[in-house]
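Two complexes are shown next, each including subunit A; its partner changes from subunit B in the first to subunit C in the second.
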Partner chain A sequence: MLRLIVTLIYGITAAGPLFLIASGLTLIYGVMRVLNFAHAALFMLGAYVSVQLSGGPTVSLGRFVLAAAGAGLAVGLVGLVVERLVFRPLYSRNPEATLLASFGLSLLIAGAVERFWGTEPLTQPLPSALSSSVSISTASISVYALVELGVAVVVAAALMYMLRRTRFGANAVAVAEDREMAAVMGIRARRVGAIVFVLGSALAGLAGAIVAPTVSVDTGLAPSTLIPVFAVVVMGGLGTVGGAALASLAIALVQGITTNYLPAISPYAFILLLALFLIVRPQGLLGRLQLSREA
Partner chain B sequence: MSSIPADGTPPWRGRVLPLWRELAAGPSWRTTLVQVGVVAVLAAVVAFGVPGAVSPELLAVLTVAACYALLAAGTNISVGWLGSVTFGQAAFFGCGAYAVGLVRHGHWPAQNSILLAIAVSAVAGFVAYWLLARYTHITFAMLTLVFGQLVFLVVSSSTSLGASDGLGGLFREPVFGISTVTDPQFWGFAFAVLVIGLAVYWWFYRRILALRMFAVREDAGRMETLGYDVRTLRATAGALGAALSAMGGALYAMYAGATNPTLLAFTLSGAAIFMCFIGGSRYLWGPLIGAVLYTLTVNFWLQSNRAATLITGGIFVVVMLVIPNGLLSLPSRLPIHAIARRLRQPR
Partner chain C sequence: MGKHTTMKKRHLALAAGTAATVLLSACGSSNNTTGGGAAASASGTSGGPPIAVGLLAPMTGAYAGVGTGYQQGLQVAFDQANSSGGVLGGRQLTISVVDESISDTTVSTGAMRKFASDGDKIVVGAALSQDCIASAPVAEQLGMLNISPGCGVGQLIGPNRLSKTFFSSAGNDAMLTYGLEKVLTQKFPSTKSLWTVNYDYVTGHEVSGALRKAFSSSLGAGGGEDKFVPLGASDYSSVIASLASKATGDASTQGLILTNYGSGALAFLKQAGQAGLLKNFSFIATTYMYYAAAKAFNGTSPKVWDAYVYVHPDVFQTKANTDFVAAYKTVANGALPNDWGYSGYITGLAIVQALKKTNSLDVAAINTALEGMTVNGPSGSFTVDKTTHHFLMPAVVAQIGGDSSSPEGVKLYDTQVIPGPEANSHPIGG
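On to the complex of A and B.
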């Protein structure tokens, strides 16, 4: 019983980073109907930038926070450039065109990272203020895992607030609903799109910076992140922030439980979960059945 | 116009022919025979001429290109014909390779191993596309990626399939008693398989069946309304694509003498899509051109280039932006065509 509780606690904390990475992807899809294949590459870029900015084998808490903000900013800028140069000319074409272009882009970004930082794995130090851990009976949970979870909760709340309570959010929802009609009603659809793209990319960069201390920062980061994140986004229902949050919780819990009880299937347990889930509910947890052709 | 029968079947339902009659419907046999004859002569020239004319390194790369061309042709049946972008085609390529790897101790003749690989993958492709039939566009692409990766993870963690090392110790078995041990000999065999595979691809391209697949690409809902069984069409396309890709995979495993899980990785699926779009996925021979160009580029220009991924990604982005219909669409974009079009138009 204790083991189960400990497993569940670990699972819940593991949901934090998963949601952080998925949030930007699902935001961009929700508003722009662009599935950004390069999102995982942007996430990896964020991790590298934060390592670069924190510099050296130890880092103070202040510098770590600044490095994370810098990574978010830098990757957001990359998102701005990419939206202008690659995605904007493709909006009028079929959804596969943007998907394939973003696949090319993911190679481009991963290649650039490999070119500038090499293939040697880097490590991101954890600020000493965050490297302690708390014990709950036999389980010891690092403070940093709780920080990750906290950031994820804040990001989820902020995104939901933005989409539901602000003017910009209303505009974004209108653009998502019907791009042309929104433009006719006087919403600057292009600008909304660009901002959403920058925001989504910045979230990828921020996620990269936050996850960096817990992983080995190398070129394998993007491919290994891509699949679970896609699973989260599909399972939550493409384009829904709340769905992504629930799905990352579900997937993290399944991964935690199988690692402890069924280690043989743990590497692909979440895929099996996704498969079973899609039979019951193909549109995802909170997704709507779409009649449009993009779905 | 006949009235709707009492059982409720719409009258146009009867227009859907049984599968064997669908396959028979196509251009006349006489033209086909002439074309086949011409191709056979050309093929013989290439098969016997190339090993003497090119360096051993280039011959090795061309053999790999033959495997990739089959992979790309199979991918294009899903991507170009059916309009369903798949990021999981490498699973079928790997399926072919592992089928060959698993019968290695039996010392089966090469043709039997390839037939086994094709049969296994065709069934797998049919089932996969049948199950994924209700997902289209982006969801389909993501699911093929996720399930392709599932296959990759299962294979690379299964000790009976050699885990991350794969299955080694494959011999180049003779085909119909003819040895395929040396590289020039194997080239002849690989080229023959390539020609057979592409002939099947070409033959299907000219069937009414392929036309129906194009129609599914354009508007699946309307095809459904017209009474066509879209699900079976999708599954048939999946089986056909998987079979072609598996031929490539089987050939690759025989050539390399080993299999490994990277043959199933999604990076290879991505490369296959890249080949289709470089050449032009809407053109019959686009995937072939793309596969040859891709293999030559990666093995000569980009070999030991630190920026290889960067350049490949850059090329792909530029192709998607500038020539989305591939290199084969370039001739039709020459200025002379624009002038001709304008001249034809009434004022």
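On to the complex of A and C.
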């Protein structure tokens, strides 16, 4: 019984970082219809910026929070530049052009990171206040894993509130549904798109900063993240924030359960789950129609 | 006009993006030649044009540290040779680099063709097994000698190896696993359960299987489980959940083996440490160059037993090693050598020694000179196996960990060196 409880608790907490990384990607796709392959590279950039801003082998809680905020802000600014220079000129073209541009952008970011921070792996320290663990009978779980989950819940709630309850959210939904009609209705579609892109990029940067203390901060971080995050977005239903949250939870729980109870398939568990979804429910958990209601 | 302007802007944006991408890629990965540094120019004399040795290794991406280490180690060996008069009557040795980072076999075979068209006779690399397997036969067909500091798999050093002009200066799974099992079973005789965390690929299965077999036969340690994650995974929450609920026995009876090398091991150790899990094990061990990960911890790395061919600059207390470390720091902007730098260095030493012995660039003659040659390096003397072409280096099993007062934040806590003939005479799992 302890095994099952620990597995479920770990599964739920593991969904947090997965959703944090995926949230910006699904937001941008939901509104802009841009499948941004560079999202994982922006996530990686956020991790590097947070290490830089933390400034040493130890970090206080206050500085850690500021570094995370700074990473979100910095990557959001990168998103602003990228949207203006790379993606905006391509919106009217076919999706392949955007996809290729985003792939090129991911290479550009990886190259820039190596130029600036070098090729050796870096680590982000945790503030001592977050370094402890909580006991569950004979097992234990990291306090920081609970923090990651908490941040993910706050981000999910904020995004849903923004999309459902604010004027900007209504405008974003209108742009998502029909960009030209939204423009005719007086909505400044370009401006909405730019803000969404900046917000999505900032979320990638924030996710990088939040995940950084648990991983090796190196240029392998982007490719190792890309596939699980795209799996979340596809399983959730392209462009749905709620769907991404549910898919993150499903993937993390399946991963945890198979590792404990079906170890032979655990390395491929999320791929199998993704394949199952693509066969049974290709539109994902909440699908595209849900986006317009949710948003 | 407006449409034309918009189109022009689009083209400009695309062109700028493409140009920037190409520029950065070129900066990071294109082939470039590095000379003999200060030593080369200091020597002043030249008995002919420089001899370029090709280097095919990852210089960008997740494995960039490997290629950089090879290059810097090779540079130290060539600088030493150049400053003492060069080879073949005073010719200087230089390095011509091609980036292997994409790990696409067409890159490695294409690189061999590029080296051959440049007139290079000796190529160091590749670093990754699949690239070596693809490119070693091509190098032979093109009349080049190929030495890899990274590849030691059976297809390349076994009895039916793919290329007769391929040499391996790498540690291999068999010798490293043997070293680790020998030292750990002696030092931790109370071990009853072995828990392993592995990338789901051939080395992960081979090493974990061999160590489990060794612990079971020598200590009767039948407990524990093998956990596998996809290659390159960075989220270990499901594995930690499993270990947290199952590996709950007395710490003195439990050991932990990691074959999720590099960033995988680092990520696992961070996540497991934060969950308070590492105290459940009497030892943590790995078989592949933990030093870079330990360094990244900034003095806070847990203590890890690592088996490879160098592990830490303090392992070999020889003058040759002291000189090597000092010279390496010069070419590496003050950084200390690790296994990659050492591997590049001994490869360079072997090349210099073979060229001096043959006094020619005839590949067949260099090939013969290397077979059975004794190389004197920081770890003492070792031979190059005449039949397998494998460098029979000693295996180093050492415990390293974080210490903020040590250079680069990494301290050597314990070490045992297994002599080359012993380390290399055991098949994996045998």
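Everything that follows uses one rule, which is that the second predicted complex is superposed on the first by the 287 of 295 C-alpha atoms of A that agree within 3 Å, B and C clash if a C-alpha of one lies under 4 Å from a C-alpha of the other, contacts with A are read in each partner's own complex, and residues count from 1 in each chain.
Everything that follows uses one rule, which is that contacts are C-beta pairs under 8 Å (C-beta built on N, C-alpha and C of every residue); 3 or more make two chains touch, one makes a residue touch a chain.
Computed from a prediction, not measured in an experiment: that's the story for all the values here.
Subunit B and subunit C, once both complexes are superposed via subunit A, clash.
When both complexes are overlaid on chain A, the residue A:Gly186 reaches neither subunit B nor subunit C.
Looking at the shared chain after the overlay, A:Glu114 reaches both subunit B and subunit C.
Look at A:Pro223: by the touch rule set out above, it reaches both subunit B and subunit C. Legend: residue contacts after superposition of the two complexes on their common chain; A:Leu35 is shown touching subunit B, with no touch to subunit C. In the overlay built on the shared chain, the residue A:Leu238 is in contact with subunit B alone; subunit C does not reach it. Within the superposed three-chain arrangement, the count of touched residues of subunit A is higher for C, of the candidates subunit B and subunit C. In the superposed model, A:Gly104 lies in contact with both subunit B and subunit C. When the two structures are aligned on the shared chain, A:Leu278 is found in touch with subunit B, with no touch to subunit C. Residue contacts after overlaying the shared chain place A:Glu96 against subunit B, while subunit C stays out of touching range. Superposed model on chain A: among 39-47, 111-119, 273-281 or 381-389, the stretch of subunit C in collision with subunit B is 111-119, the rest showing no clash. Counting contacts by the rule stated earlier, residues 86, 89-90, 101, 104-105, 107-108, 110-112, 114-115, 223, 267-268 of subunit A appear in both its interface with subunit B and its interface with subunit C. Residues 2-3, 6-7, 9-11, 13-14, 17-18, 56-57, 85-86, 89-90, 101, 104-105, 107-108, 110-112, 114-115, 119-123, 125-126, 131-133, 138-145, 213-221, 223-225, 228, 252, 255-256, 258-260, 263, 266-268 of subunit A are the ones touching subunit C in the complex. Against subunit A, in their complex, subunit C makes its touches with residues 6, 9-10, 13-14, 16-18, 20-21, 24-25, 27-28, 59-62, 64-65, 68, 200, 225-230, 232-235, 237-242, 244-246, 248, 262-264, 266-267, 270-271, 274-277, 292-293, 295-300, 404, 409.
Residues 83, 85, 87, 134-139, 141-143, 145-147, 149-150, 153-154, 157, 266-267, 270, 273-274, 277, 306-317, 319-321, 324 of subunit B touch subunit A in their complex. Across the complex, subunit B is touched by residues 35, 86, 89-90, 93, 95-97, 99-101, 103-112, 114-115, 223, 226-227, 230-231, 233-234, 238, 267-268, 271-272, 274-275, 278, 282, 293-295 of subunit A.
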